[in-house]
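In the two complexes that follow, chain A is the common piece, with chain B as its partner first and chain C second.
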Partner chain A sequence: MSELNQKAVAKYQNNFLKEVEERVEDGEWVSMCMQCGVCAGSCPLGPHWEHSPQKIFRMIMAGKRDEVLTSDSVWMCTSCYSCIVRCPRKLPITHIMHGIAHYAHRLDVAPKGQPTRELARVFWNNLIKTGRVNELKFSLAVYFKDGFSQGIKNLMSMQGIALGLVKAKRLNPMEIIGGHKCKDVGGIQKMLAKAKEIEDRRQGYSS
Partner chain B sequence: MTASIATSQTILVVGGGISGMTAALEAAECGKQVILVERNATLGGRTALLYRYFPKMCHPTCGMEINLRRIKANRNVRVMTMTEVLDVKGLRGDYTVKLKLSPRYVNSNCTACGECAKAVDAEIDNPYEYNLAKTRAAYLPHNMAYPMHYVLDPSIIGTQDADKAKAACKYDAIELDMQEEVVEIKAGAIVWATGWKPYDAAKIQPYGYDRFANVITSVEFERLANPHGPTGGKLLRPSDGKEAKNIAFIQCAGSRDENHLRHCSRICCMASLKQTHYVREAYGDSAKSTIYYIDIRVIDRLEDFYLQVQQDPTVGFIKSKVAKIVEDKESNLVLHGVDTEGYHRYATTHDLVVLAVGMEPETNGIKLPDDILLDSSGFIEGSNLPAGIEGIYGAGAASSPLDVNRSVQSATAAALRAIQVVHKTSTVEGVR
Partner chain C sequence: MAKKNYAFYPGCSSQKGASASNFVPSIDVMCDKLDIQLNEIPDWNCCSASIGYGEGGQLSRLVLNARNLALVEQNMPGQDLVSGCPACWLATRETAEKLSEVDSLMADTNEALKEAGLNFKGTVKARHLVEVLIEDVGFDAMKAPVVKPLEGMKIAGYVGCQTNRPFGIAGESFENPQYLDKMIETVGAEAATGYEQKITCCGGALAFSEPEKSQKQIRDIVESAYDHGVDMIVTPCQLCQANVEIYQSEINKKKGTKLAMPVVYYSQLMTVAYGGNAKQAGLDGNILRPQKLLDIATK
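Let's look at the complex of A and B:
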């Protein structure tokens, strides 16, 4: 269990609703849910997840901390906003789903290997290195995230598209060494570190 | 008492539905002079268009008849139909009210013989059937109409139809040169009882009221169930006229929704529970009603009615607000959603869907006196004036989403307040 997670458990004891209200983005809306189910019925990915939004909200109120934070469902949200538009009580459901996913990630209890989570992680690590997204390295990192042989298979299946992109000058093979970057890489990294510090303070992760 | 001296002893009641009729009668039977104005061609309002009342399942015509007899027997009430309030000026005890009288084109010679309707060819949507049926352009609003006079629709004035109607009338009751009039009256106190209208169901996009013929509203279902209605009391689907035996009722269609009406309309749960009786009475054990709800809100003694419907094996309850409706090839409707008791995803098919539409105050869309204070839904909350000098009172469904029973209570209370205004101010005038 991560240190952050242990601290959170110690701080909030069994009051998971309070934890969500204080630490999850837009978490203070959760207790407004009246369990009508319109969000679940309106979600285009509805049939694919285990916990519908209104079920997640009920689970939060019932204090089912582990089940909520390890749920795969909150990572399924594609931000189509159907739920927000239709919610009779105007809960910002999309934001809450992302907020829970983000919080679970910060505590390092989010489901391991969840594709959306992995993609986001690879994207972020790629971006913060130079301040620019290196698409070649990003693609390779995604292809090889499930091991070497799977990576080769992915590469072979995509080679036609890659060659086409190179021919159309949309993909530069030289990006593999260093690649383009923003003018002040040190500056942007300092900025991101500062932003993290502010966020940690605001969310109560640090004192 | 220096705030106001009554110069008028008259009480004006705006709106001739059950609340307005009640307020007018209560005041008139206390000896006060009352003017009752109604926008439509008949008194009775939306109550007269219902099939049955909950919880006793009696017919509104019964109460209507009693109230109409009281009105006919009372010299203190002056009824003005087809009349709208244009403007209210002045203060408690001394209001000047501008009224617009629309032409009926039929005078009081009318005996309601119906010869004019037979002579006229043009047809219009019948507003007293919620446009589910057509009526001739010379028509009697409904069987309990008061005054019991025909109306000519303005669309036929100047056409041959109007001349034919006039020629057919044996009583010289049709006056084609009637004009709109604006008159001013004085009043000491005003009861504002303009009632409610069903929320525009087409605005609830996922339910497809504007796209699917077999999605109807609860007020339309009342007309279908009524033997005097467009289907002669048979529960027939609008799309193909087949009997609808498997009927879904969707609660909170517009109500309790920040995107539509933010208030709970209070009556719709009981209305749908009541309407399951219509289905059962029509088909017996082969009937099937399913109520989709967030939670059933029936209050105090009405709970018994709910418990009794729960015992009916033909009625099912699904705790879920339906997310969307899709029409299949046979014009049946497939309801999609996720229930809250177990979070099961469902896609259920029904012959007919009845949306239990919310009550929108009729005050949305008409010009109100400046004194009136509305709540966030548009219901009359009170007066902008300091307590003790106000003279306009909301009554019935104009003040809150109320059923008939509670509208009558509310109207009686408003009448009592209005009586106090004219009584108190007149006493002061008499003594000093």
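Let's look at the complex of A and C:
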């Protein structure tokens, strides 16, 4: 168990709802859920979830900490915002799902190797390097995340699409040696380091 | 007529050589004809998109977007921030609203922004280019420059998610927005009314991480367009355009279908209807050739 997770368990004991309310983005909304299930029926990936948002909210209130934080389901959000606009109680469901996923990732209890978790990690690391996304390096990092031989296989299976994009000038092979970037990359990185420092302090992650 | 000035936030995917690189050329003729002057924000950065939440905390994401807002406030006073990308618009507008609602987040954001020599007071509004067209230009003015009406074309207006939710276009419903169909009709084409997949999610960023699940969404979107007998799909979203266009060949490979439905931006329709050529409309960037539109553009 990660140190952050141990500390969180010790701090909140069995009060998972309080933990979510204090530490998860928009978590203070969770107890407003009236279990109508509109979110569950609105989610485009609904058939693939084990736990719908409605279930996740109930599980939080029931103190099912491990089940919620290790759930694959919170990583199935496509950010389509259907649940948000349909919720009769106006819960910011999309944000809460993102918030739980982020929190589980931060405590390192989210499912290992979960594809969207890995995608999110690769995406963020890509964008903070230059301040802008380098789509070529991003795609390569996604394809090669499971090692070299799997990466080659992924690449081969996608070569038709990649060549089509290159031909249409929508994928630039030269991005591998540079590509677009912000001028003030240094300022952006310092700004993000400061944001993380403040956030860690507010969340009680740093001592 | 004096041009209306806006601070333009192109977003990563619209840069040269990126996946929506044909979007920016396609808005040049359109904006010129409609007296819209887009001024690129100096040194803008990524909005962190809809997948940034995994690794990036709330404050980190707010700060990224606040930097763009602050750059506009400082360098382009009085101009609204306008993006053509729904994800950029959504992240920026969420940030602007959150910071104006929660004083402590504004204070924390400015403490971080100081490291990049910036400060945000909260005076900039974040808007989508489609909002500018509908609210500042209007449908009548959008129709005025049409010299080549897209007669004989039937088009499915695919709005997708983030142009439509959670903010959407004022006065439109989340479940069945009408503006894209109206834009199609404004340039002389027929809109496929009753297109069932108008607001269906294409899978978004999960097209990468959950390809099977996303491709099921994309197949529905394309097959419904075929059912309506359209010539092409039109969308206001960069990610919808890319996902729905480029994965059709993958679906064909796996499922034995024969999907080849062109997917274009509304701005490509407008540019052609306004007399722009194929290159100006960015039609050279489409992987599935929108033949009827090309024919009109070269006529």
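Here, the second predicted complex is superposed on the first by the 191 of 207 C-alpha atoms of A that agree within 3 Å, B and C clash if a C-alpha of one lies under 4 Å from a C-alpha of the other, contacts with A are read in each partner's own complex, and residues count from 1 in each chain.
Here, contacts are C-beta pairs under 8 Å (C-beta built on N, C-alpha and C of every residue); 3 or more make two chains touch, one makes a residue touch a chain.
The shown structure was predicted, so the numbers you read here are calculated from the model rather than taken from an experiment.
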Fit or clash - chain C, chain B, common chain A: fit
Of chain C and chain B, partner touching more chain A residues: C
A:90 touches, of chain B and chain C: first, second, both or neither? first
First, second, both or neither for A:153, with chain B first and chain C second: neither
Arrangement angle, chain B at one end, chain C at the other, chain A at the vertex (C-alpha, nearest 10°): 70
Touching partner for A:46 - first (chain B), second (chain C), both, neither: first
Chain B versus chain C as contact partner of A:54, first or second or both or neither: first
Partner chain in contact with A:34 - chain B first, chain C second, else both or neither: first
Which superposed partner A:11 touches (first chain B, second chain C, both, neither): neither
Chain C versus chain B - closest C-alpha approach in the superposed model, Å: 8
On chain A, positions contacted by chain B and by chain C: 85-86
Contact footprint of chain B on chain A as seen in their complex: 34-38, 40-42, 46-47, 51-52, 54-55, 85-90
Complex interface listing, chain B residues touching chain A: 206, 252, 256-260, 294, 320-324, 336-340, 343, 345
In the complex with chain A, residue positions of chain C that touch it: 12-13, 15-22, 43-46, 48-60, 62-64, 67, 108-109, 111-117, 161-162, 165-166, 168, 174, 200-201, 203-206, 208-210, 213-214, 217, 242, 246-247, 249-250, 284-287
Interfacial residue positions of chain A with respect to chain C in the complex: 25, 44-45, 48, 76, 78-82, 84-86, 94, 98-99, 101-102, 105-106, 115-121, 123-125, 127, 131-133, 135, 139, 142, 160-161, 164-165, 167-172, 174-175, 179-180, 182-184, 187-188, 190-196, 198-199, 202
